[in-house]
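The letters A, B, C and D name the chains in turn, as written, and every chain counts its residues from 1.
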């Protein structure tokens, strides 16, 4: 079999499309952001990507119907300067080879669709709960810095220290070196301990500004508030226990 | 070498054949069921499949003759609406890539033989001994649900939680997405602790109904009774020990 | 690069050649036997096999010269019924895929040289030191059993239990299924704890009979005696220590 | 995608060029030496090598710009007998297959550029801090020994015991067996515990002699002195603690 199989369902004419990649990763921040954009913009599916670089697995929906694990690309004619393509999926490629191969195939398809710019979305693990997550950036070219900074993206020196591992890094790297595409990675801060809508919210806010999208953030803000309440509750419980221990300590 | 080598021994003309796949897996339920069907229907071997995705190993029979590990396909002209193909084997593909490649090659061969429907058989691990195993199902299309339910297959929401991993899942998934084949997975409940004929018996019973097969279940019922006696004996022994301990506990 | 590179140095016309494979394995029994035959028959190198399925490594000889790890094939015009080819090497393929690919390439070359019979040599681990190692056999065809039994090879039912894993098994298996070659595996018993010339000696003795080779076993017998002395000394030391402990035990 | 992608930026006419390979490894000795030569000779980049045999990762520089991990080849027209090519990189191939494939691709490119001799640089781990590191050698041909010995390279029998694993070995081995290139490996002794400029300095000193290069060693000597001071300080601290313990011991 082909190592990667693309089932392309639609062949729309897109105007200077921009590709946004949001696969599962740290805090699932990139995936949550990308799926939110697909839902809110009512994007249509362009293609499914099946591959032996993904787990040999089907999911089963509530009706009992199987769904082979996949990556999928959605599109939207925005009526603005740039049409949109968004990549989401159940998994990233599970091997080093798979990371490169899947990224390359997606970029090849993107190049055929005249994509010349790629945003990759990801999480940046802080290891603790963050009140107001920053969006860290990395770019293929310094001339992209100003526009991103104006939209709230920060570029702290030495962060992330180890660079970017996985799809969000490889798509930018191969895009730049092999496909002459520019691009930027947007990394929303997250504790990394659970699927985190707060980092995703900040990324979507940045993309809304950068791309001039009509995007209602209300649902993502609501989900962020719910997560905040849960984590605050957990922290209170922990503190209660700690102070209880302290109290008991006096009698210990 | 070719990564997968098919030695096809027969080229029968088959009438609307259905493929049943029963490779080793949880409780070996699928394999036991598939081998039982081959034996009882006196099916003939159509092809052997050798592959570097299987262990580099030969088995040795009682006469001292080596047998390279393999998957094999058997066929039967049933004289009914659908002729039958059954896939069995010593191992599933041992890598993610192997899972996809072997499933794809089998489906390719099946497509050439005009197969348009695939049953995959497997076990569903309950982690405890089950009196009367259910047969859980998953399908490629909702229009298949009614017939399966009428034959005793159940579709509990959210089970199996992680979907179906391995050959039983990938063959359905690739069948649907790449070969436009419909299909269903039948999963017999099993503790998962030993090769379990009871789950296999329930699957064969379901298939007998679905396909209108002349299949005598007596041998499989006998093997199930034997297993039941062994496990009941084990449970009695365990309970005896537990109550002994309890008794001693009073004097402890 | 080609995954396997064959550097063939000679193109002799061989008369009904038989291939003997002795790669490293349990107790290095097969390798010791094969290298002994090459040395004693003053065989000439026919080809080197380099491959990315072998470790990325060079050895350095006493003069400081590097030697890329390899498998090698030697040949000998025996002047008898069958000319000889012997396969030896630094390693077996290190992956499942490598095991199949290297075996396949060797058999392909052998087929071009008109080989129609393959002996593979290996060790059979007994887990304890064996006074007089047996040579266990496995064959591709029952009509080979008599000649082997007449030459001292034994075929105990159910041994080896797990079949034959690795090159010695795969070469027979692929030989039979893909190249229509007959063959036999000769397994010399060994503790498996060290490189063991005793099992190798027994294999060479069997091959000498089977192939009518002029082979002086003296050196291999000498090396076997040395190993016996070492292991006897070790056993005496252990027993001395044990009885010392026992003695001390009385005073403990 | 191609498993290895070469972006070649320059096509200079080189005079009998020699290739020097210094990828990351033990004590990073080879990489430090190779990068020092590139810097001091103001070498120009000839090509970048990207590959799925390298980690799926980008680094981020201080400006926020991503850099896909790579190997790179630099060149220099020396005006002497031999022009120079130097290979450096972020990683060696991460798998056995990758080690062979990347080495093969580099040698293929080198062969096109008429390279007929390869030096590979590496570290030789001594497991302790070495006052004056030796440079150990290994060659493809005994006729290379004299010139290397005259330049201070040593060839102690049985060292390194396990041969040379990785790029420094495979490039020599494939060079010799597949590309008919001669070559030598230069291994600078190092504790192996940290990136070690002292072993690198000794290698550069040897290469300076062998190739008649105008190379100022001052910076590397300065970095070696700094490392020496740090390690001496650490040793003094350890000894102080040990003797302190001894002193206290008298009162213990």
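What we mean here is this: contacts are C-beta pairs under 8 Å (C-beta built on N, C-alpha and C of every residue); 3 or more make two chains touch, one makes a residue touch a chain.
Note that the coordinates shown come from a computational prediction; the quantities given were computed from them, not determined experimentally.
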{"item": "Shortest path length from chain A to chain C (each step joins two touching chains)", "value": "2"}
{"item": "Size of the rotation, in steps of 5 degrees, that lays the CA trace of chain C over chain D", "value": "90"}
{"item": "Identity of the chain that, by mean CA position, is farthest from chain C", "value": "A"}
{"item": "Classification of the chain A:chain D interface as same or different, half of numbers criterion", "value": "different"}
{"item": "Centre distance in Å when chain A and chain B are each reduced to the mean of their C-alpha atoms", "value": "38"}
{"item": "Shared-contact residues (touching 2 or more other chains) in chain A", "value": "none"}
{"item": "Pairwise chain contacts under the document criterion", "value": "A-B, A-D, B-C, C-D"}
{"item": "Chain C partner contacts - residues on chain B that touch it in the complex", "value": "1, 3, 5, 7, 48, 50-60, 62-69, 94-95"}
{"item": "Residue numbers on chain A that touch chain D, as the complex places them", "value": "93, 96-97, 99-101, 103-105, 137-142, 145, 155, 157-158, 160, 162-167, 169-170, 172-174, 176-178, 185"}
